[in-house]
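Next come two complexes built around chain A: one with chain B, the other with chain C.
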Partner chain A sequence: MRGKRSFVWAVGCIIAIFLIGGPFILPNFWTWVVIEIMVMSLAAMSVNFLLGYAGCLSFGHSAFYAAAAYATAIMMTKTGMNQYQVLLLAPLTAAILGAVIGLLVSRLYAFYYAIMTCAFAMIVWSIIRRLPGLTGGDTGIVGIQFTGLLNGMTNIYYFTLAVIILCGLILWVIGNSPLGWSLRAIRENPDRSAFISIDVIKQRCLALVISSFFCGVAGSLHVVYSFGAFPELAFWTKSGDFVTICILGGINSFLGPIVGSVALILLETMITSVTLYWPMVLGIIICAVVFFMPEGIMGFVKKFGWEKVNEQKS
Partner chain B sequence: MFFQVANLEKSFGGLKATDNVSLHIKQGDICALIGPNGAGKTTLFNLITGAIKPDAGKVIFQGEDITGKTAREITRKGIARSFQIVNVFPMLTVYENIMVAVLSQKRMGFNFFHPAKKIAREEIISHLVNIGLATQADMLAGQLSHGNQKRLEVGIALAMKPTLLALDEPTSGMSVEEKGEILETIKKLIKMTGCTVLLCEHDMNVIFEVSDYIWVLQNGRIVANGTVSDIKSNELVHRIYLGGKR
Partner chain C sequence: MEINASLLASLVISGMARGMIYFLLSCGLTIIFGVMGVVNFAHGAFYMLAFYITFTVANAIGFWSSLIIVPLVMILVGAVAERGLFQRVYKSGHVFQLLLSVGIIHVISDLVRLLWGLDPKNGSIPNLLMGCFDMFGMVISKYSIFIIGISSVIAVVLITILYKSKIGSIIRACVYDEEMTRGLGINVSGVFSLVFMAGIGMAAVAATIAYPMTSGTLGMDAQMIIIAFCVTIIGGVGSIGGALVAGLVIAIVESLGILVLPQYADTFIYVIVVAVLFFRPQGLFSIE
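Up next, the complex of A and B:
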């Protein structure tokens, strides 16, 4: 056990040093990749909050991601608001959208939940494309420049890192709070949960609101590093990416979405430079993960780690 | 009256599962509900605890009409139930199973910043000791033996600190020895908590041993009621259970 713990610490330290030194160690291209990984991690963590704790599979998180991204872009271009105020308000837009959708879908389970959330995402997508005056239609809103702490690659990198760590900590605290445990109970057995006085529908709705807020934070950060908001952000395949990341990393692990987004984006970045058939390769990888690592990469690591420890014991 | 059901009716399609049922329970009693398979015992339980809504009739608990209220509201009012078919949280540990109930009982379901595992530890552990699962606290509930899952089932219900505990066949699917053990545990807990009990059971020995008062259900109707000795000497009950005269 002790060996294992110090190994985890060592890996943690290396990752921490690497993250802190990021922009000074890495070439520019890879720094942007790491920023993208961080933003995707947060979005996937928000999806996994719902999926891992509450057991709700959402295919609609692209709607929250895009809603916050567009809110950021619109407030930055059409109002004279302070950029920090914008970044605080934009995720609330996503949370409000989450509350509205939550009221409508929180009674649904499994397949029906996934389909309904997906449908709402498609509605948001079509609204974005049909309002060119506000959203720029198919081209989206481009060329948004932030200033001060949010200007330049190094600043954006550290700002993103700080926000992701803060949000990750908040999600961790919520996940281990009585709310988080009530959600686990609902995931395990919604019928019995009602018989211990848990308000199943309200709690599932609240879980979606929390999740959509953090997905919104990621959406806002997307505008910061890509300087724009685009209709594809709302398309259901974006939700598919988030879910893929969760499955790849492991839905029963808090760090799963982070590991998953590192894996997915690194693979994507490296394989697209070799072949155009990137989606096919991804498909094969997902199949392999589902077959051989049903608990995702983190589940595999945990299991493998445990077996090692047990071998040493015996 | 502490608890009262009046003229309760429920049909599923053409089948009258609960047919004009009226019964009452005195505070502090252990009241048994018996009847052959398909008599409508579990349906009556479901009606009382809010799992399904009655077509007609009233359920009155501590002077309040709770007819048609949801399971969550009824549990809040102090009626907790256990299930005939094991109904726990399989992928949570035994400790966590009790913990989620205790947290909910303390109305902390919407608290999102306290570390849950540090709340009410003593209380949870004492519940575990009471139901005899303290040594299995870290096991996943789904991995417990059937008998222990039934114990946990009762433990979850008791963690809600009910004033009326509805136990739906707490000994179903158990061996004779296990039955004896869990009955001892249940009797001890009832004495300790002082709650009133509505017990539904197949095993007549169990019923005669623990009950203060018995209601007999057949084809959705109450056909007899009385104390243990009344029921023991009741012709009709013998016919229902043994198919004829003694």
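Up next, the complex of A and C:
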């Protein structure tokens, strides 16, 4: 048991050192990849917050991601606001959108919830493409430059890392707060939760708002590292990617989304350098996960690592 | 643009034609969901695949034979997909069912890109369907009449099978109580395959008859699946009649919307969806 635990500590320390020294250890290309992984993990964590705790499968998180990205881009280019104010306000835009959508979808369950969130994301997508004056239409908004603390690869890297760690901690705290536990209760049985005076619809709506806020943070960070906002961010495939990452990592685990996004984006980066047909590979990976690894990578690790620890313990 | 009765009438007719295509597409989705409890997100992708196959077949042999060949090919594809993939997730819960269909969408749309390339594929109207009728001063294209005719026939056949035949009662029994039906000694998984194949076949018919007026692009699957979802939500899940009414309503609103606010024609659909969801979340004609 002690061996296992110190092994986990050792791996944790290596990852920590690796993350802290990131831009100095890694070549430029891979540093950008790590930034992308971090942003995707935050978005997937926000999806996992809904899926893992509240049991709501959202196929519409691309709406929040894109809303915040566009809010950031529009405020940066059209208004003279301070960039830090912009980065604080943009996720709030996503949260407001989340509240509006949440009011409409929080009564729905399972498929209905997934389909309706997806439909709303597509509404956002079509609105973005229909307002070329504001959003740049199909081309999007490009060439957004941040200054000061957010200028240059190294700065962006550390800023993103700090934001991700902060948001992860907040999500962890919320997940283990009374709200988190009542969401788990709702996931297990909405009717019984209602009997013990949990306001089911309100709690689920609140969960969506929180989740959309953090997805919005990821969306704003997307603008920071890619210098632009594009309509594809609102397209349903983006939501599909988030959900895939959650399942690939493992939905019953807090670290699942991070592991999932590391795995998926590393694969994407390596495979796209070989072939143009990454979506097909992605589709096959998804089918394989569904059939052979429904618990995700974390479930796999737990099965072959942690369970042995528990056996030794008992 | 001057708005008069004849323009309005021809817009409504062309809207109806498109509405029937929406109906054919969504009734496959809605039956599959009603019977198996699986939302087939990939329905739009199957539609797109059928469209591209139609393009090849229509160019090689001709439009009229593709009307028979493509649905048959797609029924085969549906059988393979059901037996090989969907059958294994019926018990896995909605998250995995949706994820599996997302995977299938990725594979199909990339396969289409691989086989047919990126450039849009435009259909052409066969000679027989070119031109217009002149009825009571209204100009109505033959093609719209063709679509409305063929899909009405399919709708009538479908509803007759579902409500008057033995296999229809078995399917309805599966919707109602799958376990009890199985208990009565009925081969439920066979019924599932049949329904899935029929659903995909219907999407293929929709794609084939839509072929002459549509420009096929790689994004068309997303466009169609969203419309199919809207139809399903408005009409109520599992209701064929609801799908018919909702498909027609959506398409006619779309055509008339082009007249009023051309840029936002499809936004009207979403407004209807949100309104229905708000006031009648189970859909207008829900069986529940």
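Heads up, the rule we're going with is that the second predicted complex is superposed on the first by the 305 of 314 C-alpha atoms of A that agree within 3 Å, B and C clash if a C-alpha of one lies under 4 Å from a C-alpha of the other, contacts with A are read in each partner's own complex, and residues count from 1 in each chain.
Definition applied: contacts are C-beta pairs under 8 Å (C-beta built on N, C-alpha and C of every residue); 3 or more make two chains touch, one makes a residue touch a chain.
What you see is a predicted model, and the numbers here were worked out from it, not measured in a lab.
Of the two partner chains, chain C is the only one that A:Ile115 touches; chain B does not reach it. In the superposition on chain A, A:Ala63 makes contact with neither chain B nor chain C.
Looking at the shared chain after the overlay, A:Ile247 reaches chain C, while chain B stays out of its contact range.
Contacts of A:Met298 after superposition on the shared chain: neither chain B nor chain C is touched.
In the superposition on chain A, no contact is made by A:Leu87 with either chain B or chain C. Annotation for chain A, partner touching more residues between chain B and chain C: C. In the superposition on chain A, no contact is made by A:Val47 with either chain B or chain C.
Residue contacts after overlaying the shared chain place A:Ala185 against chain B, while chain C stays out of touching range.
Of all the residues in chain A, the ones that touch chain C in their complex are 51, 57, 59, 104-105, 107-108, 110-112, 114-116, 118-119, 122-123, 126-127, 130, 235-236, 240, 243-244, 247, 251, 277, 279-280, 282-287, 289-291, 294. Contact residues on chain A toward chain B in their complex (touch as defined above): 173-174, 176-182, 184-185, 188-189, 191-200, 203, 206, 210.
Contact residues on chain C toward chain A in their complex (touch as defined above): 33, 39, 85, 88-89, 92, 94-96, 98-100, 102-111, 113-114, 222, 226, 229-230, 232-233, 263-264, 266-267, 270, 273-274, 277-278, 281. The touching residues of chain B, counted against chain A in their complex, run 49, 51, 70-72, 75-76, 80-81, 83, 87-92, 96, 99-101, 103-105, 108-117, 119, 156-157, 159-160.
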